[in-house]
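The structures considered in this document are given below.
After this come two complexes, each holding chain A, first together with chain B and then together with chain C.
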Partner chain A sequence: MTYILKPQLHHPKLATNNLGFTRRDYEGSVSTLCAGCGHDSISSAIIQAVFELELPPHRIAKLSGIGCSSKTPDYFLGASHGFNTVHGRMPSVLTGANLANKDLIYLGVSGDGDSASIGLGQFAHAVRRGVNMLYIVENNGVYGLTKGQFSATSDKGSKSKKGVVNHDAGIDLVGMALQLGATYVGRSFSGDKDQLVPLIKAGLAHKGAAFIDVISPCVQFNNHVGSTKSFDYVREHNEAVNRLDMIPARSPIHVDYAPGETVTVTQHDGSVLSLHKLAELYDPSDRAQALGFLQSRQARGEIVTGLLYVDPEAGDLHDALDTVATPLNELGQADLVPGSAALARINAELR
Partner chain B sequence: MPISVKTGSTSSGAVTINDFVVKFANVNGSGSASANGMFAKSILRCGVPVAARNIFPSNIQGLPTWFEVRVTEAGHLGRRGGVDLMVAMNPQTWDRDVAEIEAGGFLFYDSTKPLPPSKFRDDVTVIGVPLTAMCNERYQLPRERQLFKNVVYLGALAALLGVEPAVVETILAEQFAGRQKLIDANIEALHMGVGYVHEHLAPIRLQVRKADKVGDRIYVEGNSAAALGAVYGGATVCAWYPITPSTSLAEAFTGYCEDLRTDPDGKARYAIVQAEDEIASIGIVVGAGWNGARAFTCTSGPGVSLMTEFIGLSYFAEIPAVIFDVQRGGPSTGMPTRTQQADLLGAAYASHGDTKHPLLLPADPGECFEMGALAFDLSDRLQTTVFVMLDLDIGMNEWLTKPFAWDDSHNLDRGKVMTAEMLEAGADFGRYKDVDSDGIPFRTYPGVHPSKGAYFTRGTSRNPYARYSEEGAVYVDNMQRLLRKFESAKALMPKPVRQDAKRKTTDGVLYFGSTTPSMLEALEMLEGHGRHLDAMRLRGFPFSDEVYDFVAAHERVFVVEQNRDGQLRTLLMNEGEIDPAKLVPVLHYDGTPITARFIAGEIGQLLALGQIEAAE
Partner chain C sequence: MQRTSAWTPDYFHKVVDCQYACPAHTPVPEYIRLIAEGRYSDAYMINWQSNVFPGVLGRTCDRPCEPACRRGRVEEEPVAICRLKRVAADNKDDVSARMPAPAAKNGKRVAMVGAGPASLTVARDLAPLGYDITIFDGDAKAGGMIRSQIPRFRLPESVIDEEVGYITGLGMTLRLGERIGSLKTLLAEGYDAVFVGSGAPRGRELDLPGRQAAAANIHIGIDWLSSVSFGHVDKIGRRVIVLGGGNTAMDCCRTSRRLGGEDVKVIVRSGYEEMKASPWEKEDAVHEDIPIINFRVPKEFTHADGRLTGVLFEVVEAQYDDKGRRRLTPSGAPDEHYECDDVLVAVGQENAFPWIERDLGLEFDEWDVPKVDPITMRGGIPNVFFGGDAAFGPKNIIWAVAHGHDAAVSIHKFCCGEDVADRPPPEFSLISQKMGIHEWSYDNDIANDRRYRVPLRDKAVALKDVKMEVELGFDRETGYREAERCLNCDVQTVFADNLCIECDACVDICPVDCITFTQERDEPDLRQHLKAPALNLDQPLYVSGALPTGRVMVKDEDVCLHCGLCAERCPTGAWDMQRFTLEMTHAGGACQSR
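== the complex of A and B ==
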């Protein structure tokens, strides 16, 4: 049995949010991943983000595919419904779930094996349809559960633990998401919670297809010299373009940075993104510039992180389909079944 | 104007009324389909049943296509086989078309270009109408010349067969409603054909006479009927990927939803997504089903092959889904525009591991509607994938069928769903717990309650409380419960339809789906030859006890189906542990719809052989 329940006892002085939930209320069962795994840091960042956003846990649906990363939804948000689907197919299942009930918040968790190989097509199509979701790829550049094969995001020239050199070009999911029309795109590092938590918060508040690529080193199989996804490599080559503060819709807006260095973006739900610029001239509202910037930095071996693109006015798939305000799964018989009178008319037309 | 070729008399032999087959041989993309459809409808409006079938290539323009209309006052809606009047409009297929005409039959052709006598048959009456010459003289635009040629032959055929032109005029007016100029132009072309026959030819011995045999029946494609069934079954999410012969089901669902499920402000009470492939289609359906919406996809055999991984997830994680499988000729790409019943085993046991799935087996568009709606109640009740097994013959051809009916007092059965109130009241929620001993557990919809009822859905083994478990006993217990659930499905399936022979017999026959009209006609033919069989039409899988009782009550049971390997027979043997020797396969699988002649011939021969053996 790899399923271990956490004790439900809380420290009596544990801080609560305005909903009365402690951080523990957003946790799940005990992680079965390796000690030091970057994925556990991401789970922890998700817990913190949802706690700080004061979201009722049951209003979130968490979906994943197959792999180490896809196991993690069991380890956070235990009071949320979760769905560990099939390999590479989480995007379609999430799309269907979202069509059924537009009122829940959809969190898709996947890995580089799940999303960049078998699931590359589904990733692309869910993004281009503008499904309202936050899609997180926990990207370690390696197949952990099957012990160390290269994944499709491994950089060309990167070395495996056994010393094999990867000769295939790496797939950059951030570049793809931008090209496919994602309306919120970020990249972060599992080791940088200060950067990651606000990115997750803003992504959850975003309406439309939000995507965050989180470089998450695999301590067992991809943390050695020669890997471009090791803790050391990512720390050394991380180039953050901005620092994000995310202010939820109902909070008073307070920005720390001096004017001139900071851009504020108000999202659809009223949440305010305060972006402290780190790279001169980087404009996260310019999709084409973002793509160019990323590619030029990537050529130099740098890993660009931060909020890379956001369209605060984006719509979603339900807007495109012009569906009713009521979630489809709540429509009753009278809304759904036209009844015998309509059949009489149809029958007459078929004679 | 060239002179029409006339060989023999156009009125020789005894008059045949309301019982003949007309076949149109056309080139696809020539606009003939609409004229041919109106021909069939004209006869229906005379109160005479027709069975019409398209035989078409996997191609958009330029290849041969046929449309066969069986005029049948007796109401035999299966394909008869053989042709009494061939409307030969395609030079490419001329020789085989001419060869197909029954002796004493008729050949209708465009006589603009004279053909050598070797191109005709002595035992066939030839009717030439210079369609091209007439249209070239009257019309200037090439497209007009082409399209109106179809309407001119429609007029000529009406006059030859004794159909009142006014009947066709009414249909033309309906077809082009609101476009008076088009109606006038078509009626003019129609009368060019009628006038030519009156002037140069005479009615033939195949005649349509007004009757009252259509009743209140409607004329509709199975795909359209199934789509309407999905609307009435409360489906709100449709995800699909285009594939012949199922595409028109999704298109019909779109049309019906626009009509019946749109709010006054234009908002949709439905969501339709054309997915990137069949895998994503079923993924969307599973996601929506998990989240409490009724969802379906429609596809054909190749799509079902792609979907099998998700079908296994639906089975094991117990998520409702509906798949309309409009079967075509397999395996692989097979014969995309031909019909078969060859997905039965693939659907029943889709996916790896031990799985089985309920199947509904509609026999006509009327049942496509009923079962199209029922499938959603069943999939919610059973929390699993339910297949509705159409085929190209039912799906893409218009069939005369009973009118759609709906009981307004019927409540959609959402199955065992634990609500927030039930959870609040302290109900013990175990997602995979068999609380009622029927193998069917309760589920919750995501977001139902702030602190109760959440669970983690997975395709891996788990205990009754949905927690991951690799314990052998826990796994076996769950697999046994799934078997109990399948057993519970038996009682929910539509009952088989039994038709006993007029005399006591030890012979029986089992059949299903689009074989039905030909089977019923074959039974009449066999009875005419003193061969009596009790018959049972299967309408669902798992099979109910009546089916096994029927087999047990007969010494020999023929199993008639449209595939090579006897897939229904295999299912019966496998699920009912029936002695294979008892089940005699009668198989038709060349891609054309099975005929009564074929069935009666095969069974007649087998029965005769049996008698010889008995005599020895």
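== the complex of A and C ==
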């Protein structure tokens, strides 16, 4: 942790986006996490992504639970809405907030303890309901706040810092998200912002339940030989299936790669995902194939990263519930209490 | 691009922009920290070692450090380095006990021509080594141009007396009022070495029609300033025109305002921006209600009945050729006549060596100035050395001091029978400032304050007395606040390749985007591929060796705040904040090279 505030002085050539904000304007307070924590890199990637998307900070709601990862929303988007929930309950609070005001952009930030242990049921149901959100798990495979026990995402056979071997099977949140019907699923690594920033941008633009599992080494308790979530291990075993460029709606489309190697996908909001294929046969529009590919590579000890699945035509919870176009929190007394005549009409329809 | 070779003083010295720009390489951030701590005497002595005249320079230095200051590149204005030096001088305790002790004489005799800043620096460096020093000067008091040309309202005589006194107090013979008329005669007196620090004493003449007829009211600027300093002149006409755009012109016009000049104008050939005077000296003149009129070339001094009536000017304009060189061409506007009672001519000054015989073996260049080696400061005779304005023409006090240090090294080596050209390199050290997990032995929490203005005495009062100091200096509190603006550029970011795990923590936290991990490239290409393009080519890139992923760490030194956050956020200690100390080579040691 750092005792001083980050100096206000910035690079004299620091760029501004069309809203007139610099990247620094999207920062939060100085991180109190351990020096070198992967989570800080993810915070930085979120700041970069929101700056590039030119989102007004007051239109974003960031929600989290408990844990190192859930502390991070304090360290980015200082001018956005925030909510720290009870441990593991972020998905419910986010669902409720989304139902009340569907016009905000929802960013759920959680960790492997918050989402794969105490909050596993919450995670599952928010995803299967198709809540319109980007759900990021900052996955370090260890309980850092309680000094280094295995978490539910620790791989079977991996070693703790003290040399204990994990005998429990690890939960694969990407596999679960795919099975539960998430319509945008990615995995990335805190140490690779070139990959992570476009994934976050496309996830924020996605309509429906978007989920990104970000492997984020814990330098204090899980960055040793024998760990499968260390900087060195992830760099050695990272198999990226594609490289994503996220082109916001109405921007000129420019693709760097040769034709045939690139697939473009247009999302609901008009944003275009340009996917440069790295794994020859990988098709991110096929959910079943994605699951099979993941499992076969996982069995070989590889960590598959990139945009793993996307359904650009997906709907969300509000579509399923057929709610009115106006956010519920903006409905007035007259809309909400239409009077006895309206009640009589509804009752008549049911007779 | 090659890995940066950090283990030479050059790389890290260049990062300390102020120290690098200072001709005497004063360790600026170090003394500014001491001022912030209230250790004024310590700050003073650090200055005294490097630049010999902290109280004088804290009021009058040309401050090459300030345009170089990194703070000026991350916000609007640099740290007020010069005026902080004065804070140290004003607030120090009695430092006489800290001055070098008189040394046993070593039997070598050195003569110095001129008692200005260059000679006094040589004397300061050599006296503690036991040299028998004799200083000659035509004026009645030591100090040279510091005393004769800088007006008292900028530099009180007490400050000059004090700082000249520290040097003369080291034990030397002053032969004041004795102008050297012949170098040959001086050399015949058997001195082991002679140092020429006689300055650039001749004010340039302006030979226009009417110059002779109106001579009684046309004065050469530096001579006139000198007469004012020594009390021979105490008034001037009501209407004064100052010709020239340098710092001497600014001193002339401001002095005129204090000696009865009510309508004082500066009239200059060049445009305002191109004037040679320092920007702050121009501002000070304007503040004292002195108009500066540009693009006027004097043609004639007008006179009636043997008395000056004014000056006639041609109006010109600046034209630039395709190489950007400026030429002044007639604008076609009719000539302008300005009436006045007195004219001060401050159009430059030059060296004059009528007292040096041309058959002694010294070589003279096309401007009739002796050729001097810029490193050893030696002329064409083995035991004659030069410094200050006498060496390479008019510069300023801080350059004179730097020359003096170099000449002292040469004289010491020469008198020891060593090769004068063999210059020992400066010594340096890098010391970690880490005190705890996130604690440093320097204040890395940089103040956001903007530059503080030095308070001035009320103008109506200041203009009444030519000896009343017009700048009041920072008080201790303001001095502390200004000191807190310093970025501590001497506390260096030192990177250890072998410890880095490429976690990006330093990249994420850096407030000025100066760190990038990237593929190795040639420097021009690399400069374009950084988190913020490194477009200031005067500032080096700090490049690591290859890291485990094959990338390299590249840091653009340009706008680094030296806040230490990279080192605070580094989990492995690959970044460390280390204080760089440069020990300039001064004359010393018992006649042996280091």
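The rule is simple: the second predicted complex is superposed on the first by the 325 of 351 C-alpha atoms of A that agree within 3 Å, B and C clash if a C-alpha of one lies under 4 Å from a C-alpha of the other, contacts with A are read in each partner's own complex, and residues count from 1 in each chain.
Operating definition for what follows: a contact is a pair of C-beta atoms (placed from the backbone, for glycine too) under 8 Å apart; a residue touches a chain by one contact, two chains touch by 3 or more.
The structure displayed is predicted, hence computed values, not measured ones.
Participant: Between chain B (first) and chain C (second), which does A:Leu14 come into contact with in this model arrangement: first, second, both, or neither?
Facilitator: Only chain C is touched by A:Leu14; chain B is not.
Participant: Name the contact category of A:Glu313: first (chain B only), second (chain C only), both, or neither.
Facilitator: neither
Participant: When the two structures are overlaid on chain A, which partner does A:Cys37 contact: first (chain B), second (chain C), both, or neither?
Facilitator: Second partner only, chain C.
Participant: Go through the superposed model and pick first if A:Glu261 touches only chain B, second if only chain C, both, or neither.
Facilitator: neither
Participant: With both structures superposed, pick whichever of chain B and chain C touches the larger number of chain A residues.
Facilitator: Between chain B and chain C, the winner on chain A residue contacts is B.
Participant: Output check: A:Pro217 vs chain B and chain C. Expected answer is one of first, second, both, neither. What do you get?
Facilitator: So A:Pro217 only meets chain C here.
Participant: Using the touch definition from the top, say if A:Phe83 reaches chain B (first), chain C (second), both or neither.
Facilitator: Once the two structures are laid over each other on A, A:Phe83 reaches chain B alone.
Participant: Tell me the contact category for A:Thr95 with respect to chain B and chain C: first, second, both or neither.
Facilitator: first
Participant: Let me check the overlay on chain A: which residues of chain A are in contact with chain B and also with chain C?
Facilitator: Residues 1-3 of chain A touch both chain B and chain C.
Participant: Contact residues on chain A for chain B in the complex?
Facilitator: 1-3, 56-59, 61, 63, 73-74, 78-86, 89, 91-101, 103-104, 121-122, 124-125, 129, 317-318, 321-325, 328-329, 331, 333, 335-340, 342-343, 346-347, 350-351
Participant: What part of chain A is in contact with chain C in the complex they form?
Facilitator: 1-14, 24, 31, 34-38, 40-41, 43-44, 190-191, 193, 217, 219-220, 223, 231-232, 235
Participant: Which positions of chain B touch chain A when the two form their complex?
Facilitator: Result: residues 44, 216-220, 228, 231-232, 234, 236-237, 239, 260-261, 263, 266-273, 275-277, 279-293, 295, 309-310, 313, 403-408, 411-412, 444-451, 454-460, 467-471 of chain B touch chain A.
Participant: Once bound in the complex, which stretches of chain C touch chain A?
Facilitator: Contact set of chain C toward chain A: 73-75, 438-439, 444-446, 448, 501-505, 507-509, 511-514, 532-533, 535, 548-549, 559, 561, 563, 565, 568-572.
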